[in-house]
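See the structures that follow.
In what follows, chain A forms one complex with chain B and a second complex with chain C.
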Partner chain A sequence: MIEFAASAPPLLSVRDLRAYFDTNDGVVRAVDGVSFDVRRGEVFAVVGESGSGKSVMATTIMGLPRTVRIASGEVRWKGRDLLQLPESEHRRIRGKEIAMIFQDPLTALNPVHQVGRQIGEMARIHEGLSRKAAGRRAIEMLDLVGIPEAAKRARMYPHEFSGGMRQRAMIAMAITCRPDLLIADEPTTALDVTVQAQVLEVLMRIKDEIDSAIMLITHDLGVVAGLADRVMVMYAGRTVEVGTAPELFYRARHPYTLGLLASLARLGARRDEPLVPIPGAPASSIEVPPGCAFNPRCSFVSSDGRCAQTRPELREATAPGHLAACHELEALDGVSVESVRRAGTGR
Partner chain B sequence: MFRYIVRRILLIIPTIFLALSFLFALFFVLPGDPATLMAGGANRIVDPGVVERINERYGLDDPLLVQFGDYWKRTLQWDLGESFQNRRSVNDILGDKAVNSVRLAIWATLIEVVFGISIGLLSAMRRYSISDKLTTVVTAVASAVPVFVLGFLLQYAFAVQPHKHGWPDWMRLRTQGIGPNTWTLFFIPTGQTWRYLVLPAVVLAAGSTALAARMTRGSMLEVLGADYMRTARAKGLDGHQAVWHHGLRNAMLPVVTLIGIDFGLVIGAAVLTEKTFSWPGLGSEIADSVISRDLPVTMGLTLVVVLAFTVVNLVVDVSYAWLDPRIRLGQDRNS
Partner chain C sequence: MSWPEDLGSVHAVRPLWASAWRRFRRNKMAMAGLAFLVALVVAAVLAPWITRYGPTEGIEGAYRQPPSWAHPFGTDKIGRDVFSRVVYGARVSLRIGFASTVISVVIGLLFGAVAGFFGGLVDTLIMRLTDVFLAIPYIVLAIAIAAVAGRSEHSIIVVLGLTGWLGLARIVRASFLSLKQLEYVEAARAMGYSRARIMFRHILPNAGQPVIVYSTVLIGGVILSEAALSYLGVGPQAPTPAWGLMVSEGKGDLARSAHLLLLPGGAICLTVLAFMLVGDGLRDALDPKLI
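Now for the complex of A and B:
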């Protein structure tokens, strides 16, 4: 399945994307040279902590931020570079071919419009449906995401929905035009843990139903496990590691990924086992160190000073398609998550 | 929605009861014994016999509660008493003045709505442009300049100057009074009346228009940064569609409240404008009656202003609920 997908041309192909914000304090390098492909029908997860640039990257692909400066790169969508597209044509892709699900459905939905109307609007914009037909479509979509009594719910307002239902409504809105790619930016972060699982389940079911790819953006590796086909880990606006989910979870090579995996709370861990944090604070996107952005926090820094001097390029790690940006890849061969965890707890 | 409106209308009853009670208290709190005032005024020595007869005739010696009851009875029958000054019925005085006031208020509010909102919207959408900065300065000045200063300046520019330099007749505006006082559809001036209406309406609207513009700008800027506006663009709407379909209604919420309050204010508190242009309205009449201690007139006219405020507030609340479902439905569920 993965082999087949790999041979087909990618749906979305991002190359060396750099998205900067010019602020009074300096240039914020929110996205600093990211490249990746999303293939038709796959779940591509982007993992990183707050401020790692994943959301800016997503909204830049959508062409949403007004203040961002695209310093370089291309975002190829079905062969066309979205960054070069005139706004009017980019708009026709937005929502119809690439749709986005936002983090906080309460603020992302308009409080003064009925939910059904907001969903139907998508069809009205892109398919020119009448108000009536759009209303019927909205009910259909609400039904599809598993909202009971969809016809009644469609006439309600966002504040009358529970958090989980709002996010379902958000999903219903995004899939109205059966997009080829759904970008879900932290779709479950604002939700209760119990509801998170339901919403993710809906998302995955829908994906199969409308046959779209999903770019799942999250800070939570736990969410990604079991859902994603491929995972990209970002740090300080750069890709540090990318690979298939099994490769990444079982044969992670980058020290940051290893740290993330080691810091996950485990079921079945002993009660007194402490959580293992990654030492230090996330890198500033303004004063980016010249070498590897992670090197001040890394416990595998090479002795020859390369890590602080030169920026590591992505290299093949354990298998084709599994890339990591680290100077010490070879030395890390054989380092397991368990050993990082033990080192972190001092046991 | 229907239940909300009914509940809101029922709320008017206690509001009016309270307002009337305050007005009644006013009668006793204001300096000067009513009977003495009626007999000739506060500054002259009056015949005690006359005072006594007046007290008797108007029941001013009765216990307070009885008087309160009488006052209620009269007011509910829409008998507002008569002026101490000239025995003119307050109902008659009201008839002329209230209508003039409401006409002026309608035009001032129309100016506020049309210019305040559109200027504010343009300002917000072209934030930090030259026109935005200019608007900020002009609105700050407009809300700071006293009404009479602005009034005299405009009188000079649009009435005195044209007259001096013999400008064509259609460019000349009038500065005093209400002119022929002819109207169609209640508020649209006919004949020459518009020449008399323009300046007072503009002056009366100036301050509130500036405020409305500033508030619209601020509110719109806040809305433009809202998550749902980003959602709207992520759907594929262009900037203008997003503002029109998703931004406007949210941005108008605070502005509607402001405009409602302003409409009440320009009915009752347009004293300075009315004085400057000799516009025969309620505000100047109330001011006059307070100065001459003409209590029935003060009370009767104030009552009408209170009623106007109540009705306008009702309209504001209903439109607010119409604009924002969170208010309408939140109320329904909690009841």
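Now for the complex of A and C:
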């Protein structure tokens, strides 16, 4: 078991979480041994490509997937293991203490109910507010997320809202009960780039206002860079690297993280500079290689065959709290994003 | 803080029903059906004021008269005014139609929602139960219940209510199966809402369109079934002005007094047709693809 450097006890503490789907083609290891902490008030970003298990991990913490099999692990929330809680108690935590913002605001709001109703419902269920008080709270919340003429908008239906407004309404709904943790699952993926910035800005402003932690799930490193306190990188359902944002961006140690950073398009790059992709295709979650899941695509594979044989544990990389799961950490000392990029472009 | 996209004016709140009504109004057949039904309901409610005779009141010396000014629908063989009986009969038909449809809708919604929402074993059990019910002809069931509980309006309502929910349960189940996959249902679960709340407040209203359409058509079907059962003598007892019963009583005199059969029969036809037309109009008006 890995020890995380932390002064105060963490809000959420996930240990060795394994969430599998049993399918006809075999067991899909969507989440395959993930451990991390989220501390009070921090922005914790989870980065990974499609299929890396980010969303399944988030919904498993919420207790949402119906077909998932939790093979092992614990999800400690304020000391209690959420995975062991009976549904009725878990339900009281969902929405009130941990709230979730969904990826697609176009489909995450119920089309038949007025937006204000949907927001107020949270307060009615979790805080027992009257219909009237809940209506006032809904308007307050819409106001908080920057929707003008909130009183009027509250009586409108989702289809009368634009995409960006719907996502703000979704945020308003999630923060109605002032949760301690907001899980935002790709909150801006479905939005225009200009609207994305606005929504992220709202999210960060809200975070300070209601003093909650945010678990920001995204595949967009650009989003993470400006906002996150700490970042976890996932690959094939596993944590490959976790650390503070500056550590991770400037002193990344895992070859996958390095590859991700090197593949980003840069402003100010020469016009003919090619993008540097990570070679190969994402690992299948059904036939995970026995050793390191990334080893078939990795250009730093060790010569003694460890990478293909044994699964690397998370180890301290460059600083306390900066962990990476790689056998070749020491050999990677001194490797930078720039050198990976140069190697990739052949310059 | 300003948001460029929001600078446009906020337009007035327009309920979803307003646009449905606009589309419904354009459908002439459906409007005709609705007009007929409104007239029928008004006539049924105001029956004592628009008829000159009671429905079971025999008029001395006026037997089997053809339609005339005094008796627009004629009189039957024991001198009752057929117009009065048809108007009062609307009460019976509408009462049975609405009451048993309400029973069917409640049962169908409940079973369909539970089957579609929970799936698995529950779903299988409920669906097999509907198969069992489908295998029992409602006429046989009606005769059985009438034999046990006696012939009355109530037993007809119960019989038709208990046999009408099958199609509805299947429709609701199918809607739930597709709706429960949607993200707003997942979101409702993430908000910590109870299963019952998610089923009935978040999924059910979205399944409303097929339910409303089916129920409307079902009322027509129930009225037709009621007429059939009354005709067979399983329905309301003799002096009751039920349309099916009147058709049955008039069939012997078809050659001499066709109006005794044709007028109540026509009332049945028109009423059922009107419900079908309105149901059809609702289907088009409520189709979310057209909104």
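By definition in this document, the second predicted complex is superposed on the first by the 341 of 347 C-alpha atoms of A that agree within 3 Å, B and C clash if a C-alpha of one lies under 4 Å from a C-alpha of the other, contacts with A are read in each partner's own complex, and residues count from 1 in each chain.
As a convention for this text, contacts are C-beta pairs under 8 Å (C-beta built on N, C-alpha and C of every residue); 3 or more make two chains touch, one makes a residue touch a chain.
As the structure is a prediction and not an experimental result, all values here were calculated from the model.
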Clash or fit, chain B versus chain C on superposed chain A: clash
Contacts of A:Arg131 with chain B and chain C, given as first, second, both or neither: neither
Chain B versus chain C as contact partner of A:Lys96, first or second or both or neither: both
Chain B versus chain C as contact partner of A:Met165, first or second or both or neither: second
First (chain B), second (chain C), both or neither touched by A:Arg266: neither
Contacts of A:Arg342 with chain B and chain C, given as first, second, both or neither: neither
Chain B versus chain C as contact partner of A:Asn110, first or second or both or neither: both
Which of chain B and chain C A:Arg153 touches, first, second, both or neither: second
Partner chain(s) touched by A:Gln198 [first = chain B, second = chain C, both, neither]: second
In the superposition, chain B vs chain C on chain A residues touched: C
From 21-29, 57-65, 129-137 or 291-299, the chain B stretch with C-alpha clashes against chain C: 129-137
Set intersection of chain A contacts, chain C complex versus chain B complex: 59, 62, 64, 91-96, 99-100, 102, 104, 107-113, 121-122, 125-126, 157, 160, 173
Residues of chain B touching chain A in the complex: 226-228, 230-238, 245-246, 249-250, 323-326, 329-330
Chain C partner contacts - residues on chain A that touch it in the complex: 59, 62, 64, 91-96, 99-100, 102-104, 107-113, 121-122, 125-126, 146-149, 152-153, 155-157, 160, 162, 164-165, 170, 173, 195, 198
Chain C residues within the chain A interface of the complex: 1, 3, 5-6, 10-11, 13-14, 16, 182-184, 186-194, 197, 202, 205-206, 208
Residue numbers on chain A that touch chain B, as the complex places them: 59, 62, 64, 87-88, 91-96, 99-100, 102, 104, 107-114, 121-122, 125-126, 157, 159-160, 173
